[in-house]
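Each of the two complexes below includes subunit A, the first together with subunit B, the second together with subunit C.
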Partner chain A sequence: MSKVRQELKTIEVLPNLTGVIIFGVAFAIRFILFQFSNITEILGNRVEIVTPVTSFTRLTEGLYLFDNGVPPYDGGAFHQAPLFLACFQLLSYLPNILIPLTYIIADLLIAYLLANITRIKQHLYKDFPRIDVELYEGKPKEIDPWIVSGLYLFNPLTVASCLSRSTLLFTNLSVVLGTYYSLRNNKSYGMFWIAMATYLSFYPLMLVIPSILMLTNNTNLKGKKIENEVYSCAGLYIGWLTGLFILSYLLVDSWDFMQSTYGVILLLPDLTPNIGLFWYFFIEMFDQFRSFFLVVFQLHAFIFVVPISIKFRNHPLFVVFLLSGIMAVFKSYPSIGDASLYLAFLPIYSEIVKYMRYNYLTTNIFCYCSILSPIFYHLWIYAGSGNANFFYAITLVYTVGNIILLVDSTFSMLRREFDIWNPELRHCEITQK
Partner chain B sequence: MSLTAIARLKKRRLLVRSLKKWIPKLRYLLFLVGVGWLFIFPSEKYSKNTYISENALLPGQVNTYYSWSQVFDATAYRDRIESLSNLSNIEKVNYIEGELRKAGLKTATQNFSVISSGKVISGINTFGVLNSPRTDGTEALVLSAPWKSKDGVTTNVNGIAAALSIVKFFKSTDYTYWSKDIIILITDGGEAGVQAWLESYHDHKQSGIEASPLLLRSGAIQAAINLDFPGTSSYKALGIFFEGLNGQLPNLDLINTVIRVCHVSNSIPIMIHDSGHYYTHYDSGDYRSSFYNLIKSMKYQALGHPTGSHGLFFRYKIDAITLYGQVDGPGNSYDFLEIGSIVESTFRSLNNLLEHLHQSFFFYLLPSPERYISIGSYLPPAILLAVGLIFHISFALELWGTTSDDAIELISSNDNVQPSSSVNAPESAPLAYLRRPREILMPVAALVISHFAGIIIFFVVKNHFELSQISNIFGVAGYLFTLAITTNISTIATAGLISAFQSRSHKIKKSDHHNQLSPSPDWIILKSVTLAFTAMIISCLSLLNFSLAVFISIIVVIPFSLFQPSAHQIIRYLELIVLVLISPPGILIISKTNIEEFLRWTIMEYELFGNYFLPFICCLYWPIILVYVVIIFSPIK
Partner chain C sequence: MRNYLRSLFLFTLVFLTINGILAESRQPDKFKEALTIKPLSDGKLLTHFQFSVKHYGYKEGVVFSHYNFFPRAIGQIFQTYNVRELHLTFTQGRWNYEDWGYPFVPSAGTGVELWAWLWKDGKLDENWKSLTNALAGLFCASLNFIDDTITVQPKLSFRPEGPFNITELTERAELRYGSLPHENVCTENLTPWIKLLPCKSTSGIASLLNGHKLYDSNFHSMSIHVQPSCEEPDCINQQLEIIQTVSTVIDPVRNSGKRDWSLNNVFGRRLSQACPLAEESNLEIIIPEDGDYKIIPDADDIIQRSMDDTDDVEKKIAVYNLKKIEPDTELSMIWNEDQFEYNFNPVQPRIFAHRFFTGYGQERGGIKVNIFNKSPNISIPIIYYDVIPWYLKLYLHTLKVQINGKNTKLDAVNPIKDLYFQPAVDRSRPNVIEAEMLLPPNSLTTLSIKFDKVFLKYTEHPPDANRGFDIGSGIISTGKIDNDFLSNSTNMSLVTKKSLVEYMYFPIRIYTETLLVSLPTPDFSMPYNVITLTCTVIALFFGSMFNLITRSFVAFIDAGEEKAKKKIDSDKSNVQKGEKKDFDGENFDSDKSNVQKEENRDFDREKTKLEAEKTIDNN
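On to the complex of A and B.
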C-alpha cells in the first residue's frame, strides 16, 4: 500500500460542536416533519419533487404487486430498480418508523460523507498554489467541512426531497459513496457504488470517468501502468453492474425490469410533467420524429462527459460536480433532488465563489422558481386559469438558472487557475477571439 | 489579442460604466412610469372592446319564451316569500322545497353549521335538480339565489321568486333543448352556505363547516349564475359582480354573454358592481367612471373578498357571476319579464357549450362592461415597479462589491505585482474576483427571524376571538389587546435584531482585517436582500392577484428605496414614523377602519374559504416592514 493511499485512509473529519449541532438539528427537523405532519403526502405528490421513476407511491404499488406474487412491472406504473422491492419488503416487516428513519439516515450519511470528501479534497489540494486573498495570516483559509454538510442538510431542496420519500435519495447516496471511496483510492468500493448509482437511475453512468480519474491520479506513485489501472476499474465496474443485474433477475425472475426501468428513462413513455425539458417537448412531438429527437436529447446529456473530463482532468471532483449538475438539468426525469446533489458539491470548491459573477442572479432564479412553479402548476391544474405553457415556462427558467450556475462555476474555476499560474495577467479581462 | 477584441472590451466597459451611473436615477423614473402607466388604464384608448371568444355560446341568438304567465307565477312566489321572511328557517325551506316538487324537480336540503370568528353560522340550503332530457346528466348549470341580499339584511325576495319561476318554466316547457342538468340552489347563512354546499357536492372538505351530506347530485358544474334582486320593487339597472375569492375572475366569455344578452334583447343599462355609472350598448364611458370602476374592482380583488355567492365557485373551477338589481337610476324600469328572459337566454347559451369555458381571458380588468384590459397590457406597470426595486439593489450591490479603483490600489500595494507593460492589455481591468468578503449570514438570519415573528403575529391575530375573552377580563376592547400583543412581538423582534447588529459591528471594528477589505456594512446587505425579497413577492403576487401587488408596491416602493440608516437621529425617527404608518395596524388606523369588524371578516374568510389575505399580510408584508425598522437603526459603518 502506497503512502498516499495510507495517508488518505487516515483522513477523517473530527466531530466538533458545529457538526453535532448541525446533524442534531437536521435530524430533529426531518424527524418531526415526518412524524407529526402530513407534509410527506403533500410533497410526495408534487411534480417538482417526485417523478415517475422516483415516486414512493409508485414504489408502494410495485411492492404490493410483488408481495402478492404478481410480476411488479406488469401494471406499467412501477419503474424502479428491483433491489428497492427487496429492501422495502424487508423494511415493511419491521416497525413502520423504520422507513422515515431510513430516509433520514441516508440523508445524514450523505452529509457526513460530504464532510469527509471536503476534508480529503482539502488534503489533496494542500500544496496547490493559491492566490493571496485566500490566505489568512499565511495559511490558506478553508471552509469547515461541517459547514459543507450543513449547507447540504439545510438546503430546502434537500429537505423537501427527503421528506417526499423520493427514492432518488438512494441514487444520490450511491453517487456520494462512489465519489468518497474513489477519492480514498478504494477501487473496488468506488466502482461498486458508481455501478449501484447507474443501476438505480442510469445517468450516473457518466460518473465512471471522473471516478477512474480519481483512482488513477496517484497511479504513477505506485509504479503501475495507467492503462492497466483503467482497465481494471472498467472491469470492476462492468462486473459489479452485471452482478447487480443478475441479482435483480434472480429477484423478479424475468428481464422485464430492464424495459420498465432503463427503457422508461431512455424512451420516455410517461409524460407526467416535471421540471425537466423533455415532457413538454415530447408531448408536442409528431410521432415520426420522436425517435430521432429522443436520440438527440439523450446524447446531448452525455455529450459533455468527455470534454469536461479532459479539461478538468486534474480536478476530478470538480468533474463530478459539473456532471451531476448536467444530469440534474438534462436527464429525462429530473427533480429538485438532483439539483440538491450537485449544489452540495459546490461549497467543497468554496474558493471559486468569489470569482462567480452571477451569484445574485442564480440565487434569485432559484427563489423565483421555487415560488412560481407551485403557483403556475396551481393555475394550470386547479384554478384552470393558466395552461401548461405557464408551468413549462418556469421549468425553462429553472433550467437556465442551473446552466448559468454551471457555466459560471466553470468560468470561475478556469479563471482562478489562470490567475494562479499567471499572476501578472490578473488585471486583464479575458475575451474570446 | 486582436484589435477588434480590444475595441469590444473597451465598448463593453464603457457601457457598464454608464449603466452604473444611470441606474440609480433610472429607478425613480421607473417608479414614475409605473405609477403613471396605471393612470392610463381607464382611458378609452387603452382598453379594447370585448368579444365572444367561444363561438358555441351564440349569445342572444335564441327566441326567449319566458312570458307573462311566468311573470304571474313569479309575482305569486314573491308575495308568498315576502310573507315568509319573518318565519323560521324550516318553514321557508319547506315552502321552497314544496314549490320545487310541485314544479316537478327532485329536491333535497342540507343543514350546516360552523363556528367562526366567535360566531355560530348555521342554516339550511335547499336545492333541486332538473334532469336534462337530452343527456345523461354528466354536466350541470347552477342557478343560485341566497336568502339574503349582499348587504346581509334585505331579503332577496325577487331573486328567489325569479329563480323559482324560471326553473318551473324550464321544467314545464315543451322545448326539450336542455343538454345540461339545471340545479337551482337557494342558500342560507350567507357565503358560508354556498361553501358548505360546494364542499359537500364535490366531497372535498376544506373548512371546518359541519354539513350534512347531499342526497341529490348531478354532474360536473360548468357555470353558475347567482341572482341577487333584493326587495319587491322593480329595477332600473343591472349590476355585474364578478370578483371571486382571492381575486380570481370568471372567464370573460361568461360576463360577455350576460352583457350581450342584456343589451341585445332587452337594452337594460349595465353597471359594474353598484357603481351608479350606467352603460348602454357600445358605451365605453368616460375616464372618471372607468377610473372609479377599476379602483373598486381592484379593491375587491386585493382584499380577496368574494363580491357575492358566485365568488366561491371559482375554487372548484366553475365560472360564476352575480346579477344584481339596482333599484334607483334613470330611464325605464324592468321587472321579472326581463330578468327571466336574460337568465333564460344566458342559460340557452351556456347550454350550447361543448367544453368548459376556456377560450377567453381569465386575467383582465374591466374599466367598463364592454371594454377590457388583458394581462399583457396591465402587467407591465407592476413589473416596472418591481424592477425599480431590483435596480436599486444593483445600485446597492455596487456599494458592497469592489469598485475598480480600490481593487487596483490594493493590489499594487499588497502584491507588488505591477501590470506589466509587456502584457498586451488594453488597460487594467478590475480583478476577476472579489476582495471584499460578503457576509450574508446575519442579514439572512434577520430576514428569517422577522418572518418567524410574522408567523407568530399571524397566530395571534388568527386567534383574536379566543384572546378577546382574556381581554374582557381586563375590560379593554378585544382588538386593542391583539394590537398590543402584535406590537410587542414586532418590537421585541426588531429590538433584538438591532442590538445584535450593533454588537456585531463593534466586534468587526475591533478585529483587524489582514490583507482584505473590511466586509461591507450589514445594513447594505440586509437592504439588498430585503429589496430582492420584496421585488420577488411583488412580481410573483402580480400573477396571482395583480391588484394586491399594485397596491403593495405603490405603498412600499418609495420608502423602501429611500430609507437607510442616517447620521441624524431625527431623520431615523421620521423614517420610523413612516414605517409605522405603512405597517398593517398603521394603515388600518389611518383609514379609520372598524378594526373589530375588519378582523371578523378577514379571519372568517381565512377560516371558511381559504382567503389568503390575512396570512399574506401577517407573514410576508408585516415582516418586511420589521426588517426595514432594523435597517434604519443599524450602525452605518
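On to the complex of A and C.
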C-alpha cells in the first residue's frame, strides 16, 4: 500500500481558470481595501474582530516598547508571542507595503492549502462507500477544491479579519499548515506547525490528537507499531514546542512572556468584550467563584478532544473541523477570525450539508449577528442608550448559532455514515438509542 | 606624667561628651508661626498659614523619645516606619496658575498627595503600607487606599526638600509616591491637623483657622512636611523640622463686589494674642504694587523680600508682630474703588499647563497636555510627570509631541530629552510617564497619548459607577534658571548630552487639572442572569454533543419487514466482503464485523418479540 503514500506525497491540486480568478479577485479586494487606512483602522478596533491577544495596535505597542528597550511583557498591554516581535521588527525595516502584503499572502496561502487539503481528502475518501444520491453517473460528485478556497477567501469574516491585521491569521495559517502536512504524512512539519499554532495561541494544543490520528493512519501498513509512531509524534511536538519557547526566551531574555501570553489566555485578566462567552460572565462573576468557573470554562473547551477523536477516529479531518469550531466558540478570547477558520473546513465535507437540518437558521443567525453586534455595541459604548446586556445578548446569539452549526454538522456526519452502512434502513424511522 | 595626662584627657573628653549631650537635650524645640496674606490679581485673597517646629539634636537612625513641641503622633510614626522625609498634602479645588502665579509652597493637585523617602531596611514596602495606614488613622482620611495599584516611585520629579547627599540617598533610601484625587478634604481632616500644633487653636494665628470659613473658599490646601533641616551650611547638626501649612484662596469680591477684606470677614474671628510658645509669630501682608488702598492699622515694619523661586522681583511686605499686637485687633485692607474691575491681562507665570481628555465614547480616548512657556527668550527645562491608573491602558507608540501645533519628529527639535515610561499592569500598578523636556521660548508644547479604557469587573466599580474615576494631576517640575544653565542653553548639544536632573534642581511644581473618566459599566443587576444564561448556552452544547457522541442511531423495524431485511443484510455483507477496501490504511472490516455481531445478537432476541428494535453500531 505504499502506493497510497506515494500518491499522497505527490497529489497536488491543479490550477485552473476558477482558481486563478478566485485568487486574483481575492488578492485585488484585499489589496485595494488595505489602501484605505481608515478601513483597517476601524476594523482593527472592532471588538468582534480583534481581541487583546491578537490586536495589531497592541503588537505595535509591544514592538515599540521592545525597540526602545522597555521589556514588552512587563506591562499589561502586550499579550502576543515573542516571535511576532522578531518578525514584525524585521518587517518594520522593510518598506511599509510589506505588512499588508504579508497578511494578504498568508490569507491566500491558507486558501491554497485548503484547496490541497480538499484534494487530499477527496483522494483518501475515493474508495469510501457512498450513498446513492451522491453518485452522478456512477461517479461521486465532488466539490471543486478551488471552490473551498473561494468560500474561505470571500467569507466576509475572513476578509474583515485579514484587513484588521489581527495576528490570529498566523495561528490559522499554522493550523492549516499543520493539518496539510499531517495529511501528507509529513510527521516533522505537521507537528512543527501544530506546535507553532499552540505557541501562538495555546488552544490549538487540542489539534495534536487529530494530527497524530492522520499521521498514524497507515502505520500498520508500514509494519511499524502504532504506539511508537504516537510516541515519536508526541516527542516531535514537545520538541518543537520547547524549541520555540527557548527561542522566545533568547529573544526577550526572560520567561515573563509565559505569564503575559498563556497566563492571560488562561486566567483572563483582560475583560475587553468579544463575541465569546467569557468576558461578561467574568465581569459579572462573584469574586469567590471566579477561579472555579474559570477552571470549569477552560476545561469545558478541552473536554471534547478525546471523545470526538475517538468517535471520529476514521475522519481526523472532521475532528480538526469540530475542534476548531469548539475553539472558535469556547476559547477565552474568540473573534470572527476563529469562526472563519472552522467555517473554511466545513465545505471540505460538503457531502454532509444535505443532512443538516438548520442551515437556514444558522445562516440567519450569522447575518443577524453581523448586523446587530456593531449596532448594539455602539448603543452601549458610544450612544449610551443601551447597556452591556445588548451586546451580551448578541454574543449569546452568535454562540448559539455556532453551537447549532457544530452540533448539526456532527449529527449530519453520524447520520450520513449510518445511512452508508445501512442503506436498507433508508425508509425506516431512525432515532437515537 | 603620661598617665596623668591621659586621665586628664579622658576626663575632659567625658566631660565634653556629657556636656554636649546635656546641651543638646537642653536646647528646646523651636516653634515659629506666620500668616501671609496676599491680594491676588483677580481680586481673590490668598491666606497662607505656616507653622514650623524644629526638633534639635536629631540624628538619622537614632530614636528620640523626648518630645517638646514636636508632635508625638507624627514623631512616632516617623521613627517607627523608618521615614527620612514625609510630605502629606490635602487639597480641594485647583490652584489657578494663570491668574494667581505660583503658590508659596508647591500646591498639590486636588485630593490627597503623600510622598515619602523611606530608609531601605529590608521591609520598606511594608513600612510604606503601614505609614499610609497610620496616617489614614491620624488624619481620618482614606490614605489606606494608597495600595500597590496607586503607589509609584518617581525617578526624576521629586527630590528631598531637606538637605541630602544624592549618592547616599539613592543607596540608602527610596521614594514612594501616592495620590488620591477623589479624596474630599473637610473639617475631620483639619481637626487632627490642628491638634499637632503646640498651641492648638487656642491662641496665635491658629485661632483664625475656622472650618466654616476655611472650606468656603475657591481653593484650600493643608499640608504637613516632616524633613531634616540644617542651620549651618556644612550640616553637622541636623534638626527634624515639621512644617504645617494651610493655604486658602478666598473671594471677597463675591460678597461685596469690592476687594476689601478684614480678618473678621475672612475668618469670622479676630486675632487674639500670639501663641506664647512661639519664638516668632508674624502676620505679613504682601503689598500690591499698584492700586489705591490702605491697610489698617499700620504695619510694625515693612520689608522687601522675594516670595517665590521663579520671581526675582522683591516685594514689599507689611509685617505685624503678634507678640506686640493688642488683643482683638481687627486688621483690614480697604480699596478706594466702587467696584472691582477684573484685570484681563494678569502677569502670567513662566510655565503653566492644562491637561484634558480627547475622544469620545467609553472604549478609548486620549490625554492631551498643553504646556506653555511664556518666557520670551529662554528655553526652560522641565520634568513632566504623570501617573495614569491601570484602568487606562496607555499606548506609548501613540505619544506625540507638538510645538506650537507642529509635529516634531526630528530629534534635534524634539523637546523630550529623556523619557521614562512604566507601563501599567492590570490590577497591580499604574502607568508612569516622566519626561525631561526643554521647552522652546514662547511656545506651546503639546503632548498627546492615546489609551484604551479597561473593562472592569463589576466589583471593581465604585458604588457611584457612572460618576467615573478621577485621574490625578500631572506634575510639571521646573525651577529657577541659574546663570550656568543660561549660558549653556545657547549650546543645545550640551544640554542634550547631560541629564537635566543632574544639572539643576526643580523646586517649583505645577499641577495640572485632575480629570474624570467614565469607564464602560456592566449592568450591575445582572450577575445571576448572566451566570444562568451563559451556563445554559454551555450546557446546550455540552448536552447535544455528549448526546451525539454517546448515543448511536437506531431504526424502528416491523417484524414483517425483518425477514426481508435479513436477506438484504446477507446480500449486503457478501457484497461488502467482495468490495472490502482499505480506507487510508484503516480497516473498515472491523466495523462490518461489529455490525454482523450486533445483528446476530439482535436476531436471537427478535425471536421472542413481535416488534423489535435493531441496533447497529454504525461505527
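We adopt the following convention: the second predicted complex is superposed on the first by the 426 of 433 C-alpha atoms of A that agree within 3 Å, B and C clash if a C-alpha of one lies under 4 Å from a C-alpha of the other, contacts with A are read in each partner's own complex, and residues count from 1 in each chain.
In the analysis below, a contact is a pair of C-beta atoms (placed from the backbone, for glycine too) under 8 Å apart; a residue touches a chain by one contact, two chains touch by 3 or more.
Keep in mind it's a predicted model, so treat the numbers as computed, not measured.
Count the residues of subunit A touched by subunit B and by subunit C, then name the partner with the higher count.
When the residues of subunit A touched by each partner are counted, C comes out ahead.
By the touch definition at the top of the document, which applies to A:F302: first (subunit B), second (subunit C), both, or neither?
Touch partners of A:F302: none, neither subunit B nor subunit C.
Please work out whether A:Y368 is in contact with subunit B alone, subunit C alone, both, or neither, and reply first, second, both or neither.
In the superposition, A:Y368 contacts subunit B only.
Considering only the touch criterion stated at the top, classify A:S385 as touching first (subunit B), second (subunit C), both, or neither.
first
Is A:P273 in contact with subunit B, with subunit C, with both, or with neither (first, second, both, neither)?
second
Give one of first, second, both or neither to describe whether A:R415 is in contact with subunit B, with subunit C, with both, or with none.
both
Touch check for A:Y360: first (subunit B), second (subunit C), both, or neither?
First partner only.
So in the superposed three-chain picture, is A:Y262 touching just subunit B, just subunit C, both, or none of them (first/second/both/neither)?
neither
Just subunit B (first), just subunit C (second), both, or neither: which does A:L135 touch?
first
So, does A:L425 touch the first partner subunit B, the second partner subunit C, both, or neither?
both
Intersection of subunit A residues contacting subunit B with those contacting subunit C?
Overlap of subunit B and subunit C footprints on subunit A: residues 382, 384, 415, 423-425, 428-433.
In their complex, what parts of subunit C are in touch with subunit A?
Of all residues in subunit C, those touching subunit A are 360-364, 390, 393-397, 421-427, 452, 454-459, 520-523, 526-527, 530-531, 533-534, 537-538, 540-542, 544-557, 565, 568-569, 572, 581-586, 588, 591, 595, 615-616, 618-619.
With touch defined as at the start, can you tell me which subunit A residues reach subunit C in the complex?
Interface residues on subunit A, with respect to subunit C: 1, 4, 45, 57-58, 60-61, 63-65, 68, 70, 74-77, 124-125, 127-128, 217-221, 269-273, 277, 279-287, 297, 300, 303-304, 307-308, 311, 314, 329-330, 380-382, 384, 387-389, 392, 396, 399-400, 403, 406-407, 410-411, 414-415, 417-418, 421-425, 428-433.
Considering only the defined contacts, which subunit B positions touch subunit A in the complex?
By the definition above, subunit B touches subunit A via 1-2, 5, 8-9, 248-249, 314, 317, 356, 358, 362-363, 393, 397, 408, 411, 414-415, 417, 419-420, 423, 425-426, 428-435, 514-516, 532, 536, 539-540, 543-544.
Can you name the residues of subunit A that touch subunit B in the complex?
Residues of subunit A touching subunit B: 131-133, 135-137, 354-355, 360, 364, 367-368, 371-372, 375-376, 379, 382-386, 415-416, 419, 423-433.
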